[in-house]
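Below is a structure I'd like to ask you about.
As written, the chain order gives the labels A, B, C, D and E, with residue 1 at the start of each chain.
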Amino acid sequence: MAVLAAQPAFAAADREKLLTEPGVYGTFAVFKVDETWWKLDKATRTFAAAEVKVVFQKHTERVTVDTYLLRGLMEQADFFVRVHSTEMLHNQNFLVDLMGTRLGKYLVNTYTFNGITKPPNYVPGFPEDLQKVVKTTVPDPGPKPYAIVVPVRKDAEWWLMPQDGRNAMMKEHTEAAVPYLKTVKRKLYHASGLDDLDFITYFETAKLDDFNNLIIALERVKENRHNKQFGGPTLLGTIRPMEEILEILAR
Amino acid sequence: MAVLAAQPAFAAADREKLLTEPGVYGTFAVFKVDETWWKLDKATRTFAAAEVKVVFQKHTERVTVDTYLLRGLMEQADFFVRVHSTEMLHNQNFLVDLMGTRLGKYLVNTYTFNGITKPPNYVPGFPEDLQKVVKTTVPDPGPKPYAIVVPVRKDAEWWLMPQDGRNAMMKEHTEAAVPYLKTVKRKLYHASGLDDLDFITYFETAKLDDFNNLIIALERVKENRHNKQFGGPTLLGTIRPMEEILEILAR
Amino acid sequence: MAVLAAQPAFAAADREKLLTEPGVYGTFAVFKVDETWWKLDKATRTFAAAEVKVVFQKHTERVTVDTYLLRGLMEQADFFVRVHSTEMLHNQNFLVDLMGTRLGKYLVNTYTFNGITKPPNYVPGFPEDLQKVVKTTVPDPGPKPYAIVVPVRKDAEWWLMPQDGRNAMMKEHTEAAVPYLKTVKRKLYHASGLDDLDFITYFETAKLDDFNNLIIALERVKENRHNKQFGGPTLLGTIRPMEEILEILAR
Amino acid sequence: MAVLAAQPAFAAADREKLLTEPGVYGTFAVFKVDETWWKLDKATRTFAAAEVKVVFQKHTERVTVDTYLLRGLMEQADFFVRVHSTEMLHNQNFLVDLMGTRLGKYLVNTYTFNGITKPPNYVPGFPEDLQKVVKTTVPDPGPKPYAIVVPVRKDAEWWLMPQDGRNAMMKEHTEAAVPYLKTVKRKLYHASGLDDLDFITYFETAKLDDFNNLIIALERVKENRHNKQFGGPTLLGTIRPMEEILEILAR
Amino acid sequence: MAVLAAQPAFAAADREKLLTEPGVYGTFAVFKVDETWWKLDKATRTFAAAEVKVVFQKHTERVTVDTYLLRGLMEQADFFVRVHSTEMLHNQNFLVDLMGTRLGKYLVNTYTFNGITKPPNYVPGFPEDLQKVVKTTVPDPGPKPYAIVVPVRKDAEWWLMPQDGRNAMMKEHTEAAVPYLKTVKRKLYHASGLDDLDFITYFETAKLDDFNNLIIALERVKENRHNKQFGGPTLLGTIRPMEEILEILAR
């Protein structure tokens, strides 16, 4: 059971490494439970939930999985999983097995985003004091129950801009974000060619009001002119262990 | 039963506060009743409606809920609930419970909008006489049976405009709205990052002809050039207690 | 039964007034019959059709309803009703009752448009001879079996244009339409804020070739540059009494 | 049975006239067979196919119908019919009857396009030699098994351009098409106001490589700048008698 | 059984030729297995899978088919087939037969793309050294488990640009791609008029990080300004023999 918790305890893929290093493949898979599922009897639904746990356990050496409840905060979606591994194939194999369980047969896969982590592109070119702030600011301790995923696609002008121009814009972008480094954690995935996106931006926070202000601050910098897509969909959910999501689905 | 009325009488979340103060989270959840629901026998549907009341009662200390009938006036939607609380998590928990009832199993969640209330951004910078009009005009007494929700997204130029420019545009916007302050009540939610929106605008009125004229007046001010999205969907419904909506669904 | 005919004979809402005066609310509700309906036995479908007639009769004092067959000429839609009354609430109550019949349980509500009628905006400013033509041209007698509904949304530049500019453009628009006044009847609804539209334009004709030429003529005037949406969907149907539509659905 | 063949032999509407003269109404109706159809037993499906033949026969004096298989070459669609008659109402009545058969109850009407034929707009203004080429080039003999339908919508600038400008552009367009007159047959329908389109372009060919080159040639002329919509959807199918389509559906 | 493997061994269409020569028609058909399929008993699903093999065998002389698993990496899709032959009709006939099997009755055809191969347009005009690199670089040996399909549509300005301008842009495009010639295999199909696309670009790789960098490099060249559509959808899958896909579907 511990296997399903947000921080699996043993024999698992090196979660810390997968969550922090470059060259890791991340897949975000959003699911809506089919309406016919809710009409099954409760015993069947409870059994199906148990089967899901076995799948998590089976893949624990190759992928690390985080789980989020969207139900209530986003239409057409009940939950999503964020899967990390060193090969996209491992992500696929895990998800194929998850979708092959009895519960899986009732899951509608609303959205899937694929990306890869990389070393920071722009930070090395920032002035030293900004670099220092970015690298040393430690997020406030304590749980961050909310997670937000915002897929992003840039316009052609962004990609055709000389490196200098993009550096200056990303400096302005980063300065706007500095006041929120303590309350909003952020992680970036590159998605060009792996999906109809250029970036997947992932956030965790305990303070949604701060997050709302962060996004407004980012809307006010010139780089925003080059976002052909920002959201659409925005995923707003709460971080919950798979057991709790399964329990909600089995009610 | 009183719990379901628009103005619950006791032991409830401080409705007045939640509806007027900044820092409150609002979730608008739009539902379509699945076609298979209507083919259930009437007793089952009546029982399911009763279950919904229990959910409203259970959450009454944390959330305040308003209910609206869309059926007949909007495709793909039967009703929506507007949920307010001091934490988005409370909104989610209420909606998860609502969707977990027997009726909930037949609800298709067509749209969800999330926002947060804030102190007015622009009013403090208005000329004194305009400020006075805005602050002291009291809506006409009497019921306002219609509610309209218009989600809004601004373009990058709006957000990049200096504060002065936005102030001038919002002054023009507000002056255009003044003639309708008595017949159209308005409430604003900020949504950037909490949804694929920047604002959720909510209106109540008894006079839809006045409301139509208000929107035309707002289309005629320069700020309108910066609405990348205005509506899409526009929700037009009538304020009805949950009992009445349930009664309609149980017919 | 006469109640269902296009021109109900007695005790009904003042149809003439509702169809010609300003300040009247119009709701266009488009329906597709669910595929499971067609698999019901014929007796059930005939009984369900009879129930619909009772709903028409019940609301006859408050709303006037016209009915149109879309099936065959438009995807995803079988028929639509055009409902007029002095309060949007009456339109909603009629439609809620219609959708609450046994047939209603099989109706998918593909589109709904809401609008309000108003006195002409631009005609009073036209030169006298154009005013005279517009006011005195009588449509050719005889049935006009086809009806077309085109929803329209204007761009921000349209609304921000000084009245003079819009007057000049609407004069050009009207002159282009004059040759078709005898063969194409037209009615206009204002929809800003009541729907994701600015106007609902409604046409009746016996000559679709003339109607095609009218629309081409209107595409050739400068006002066309400001149509952000024109159609999408265009409804093309034939005017048919509800009995005939029900008979088709009960085959 | 001959009635269903591409060239019905007797007592039918004057097919030649309907396919070549102006003032004829054309309706293209695209259908997807519902997934539940395929799960019916074969006898039921064979019986249902026979019923369709009766409908074709019943309308043979008023409409002429061509049939095309899309299955395999286009998502969400299995076949389409092209219906011609001198009144749109005849097209509707035929399609209502077709959709009223047992097979019809399983047909999802994915798309419908409506148009009208007219005398050529631009040819009379072309230089004499171009006119001659257009009028005298005879398509290569032999079957043309492929049919392609491309719906088109022009932008406001196209319609507002003086006749001279459009003449010049259509001359360039026609010159680009001349090399393909022998291998690609073409027919044009005007759709403004009858659908959310301005034109429906219909092609037949035995050589899809030539057709691909023709479309590239047309993309390279200035008129292409004014195509707000070109395709979306493009229908690519093979001309097949209704019997063969029914046989495929009854397998 | 070998017939289903990626490289069928005997009596088959000349796979090598079909995969390398110009004038070959390619159809990409994407399928989602209907949710009701997963609720069938396992024996039925196994039997249905066997039937699919027979269809592959029947068409082996006319078409060559490659198969790919999308499930887990792309929403609304489980697998796709890439079909090549010398006539589009052969592709259609194969797919009609595939969709006519028992499994086929449960397949939802999410997307289909049609194209044709041609000799290179721009390479002959490149400087000699670039031509040499493009023609002589041999992809790294070893399996390339990932396949990506990116449909592309160019804007009118692209097609109206003089040949020289397009040559210069494609030279820049090709130079950006050179560093990835060894790790990313590429194949191009022309689609104008055969689909709502201009090109279908197909890639195989073992290194998705390289592929991500290739796409970023291509986003940085001026030709990118003329991509009206790039992806939407992007298909990311893994190359798997049909047996393995069937086995996954039959689990």
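Note that in this section a contact is a pair of C-beta atoms (placed from the backbone, for glycine too) under 8 Å apart; a residue touches a chain by one contact, two chains touch by 3 or more.
All figures in this text were calculated on a predicted structure; none of them were measured in a lab.
S.K.: Chains shared as neighbours by chain B and chain D?
M.R.: Under the touch definition, chain B and chain D have C as mutual neighbours.
S.K.: Could you run down the chains that neighbour chain A and chain B together?
M.R.: none
S.K.: How far is the middle of chain B from the middle of chain E, if each middle is the mean of its Cα atoms, in Å?
M.R.: 47
S.K.: Would you mind pulling out the distance in Å between where the CA atoms of chain D average out and where those of chain E do?
M.R.: 29
S.K.: If you look at chain C, which of its residues touch at least two other chains?
M.R.: Not one residue of chain C touches more than one other chain, so the list is empty.
S.K.: Okay, in this complex, where on chain C does chain D touch?
M.R.: Answer in residue numbers: 35, 38-39, 69, 71-76, 145-146, 148, 150, 208-209, 211-212, 214-216, 219-222, 224-225, 227, 231-234, 236, 238, 248, 251.
S.K.: What does chain C use to touch chain B in their complex?
M.R.: 23, 25, 27, 29-30, 34, 36, 88-89, 91-96, 99-100, 104-106, 108-112, 114, 116, 154, 156-157, 159-160, 190-196, 198
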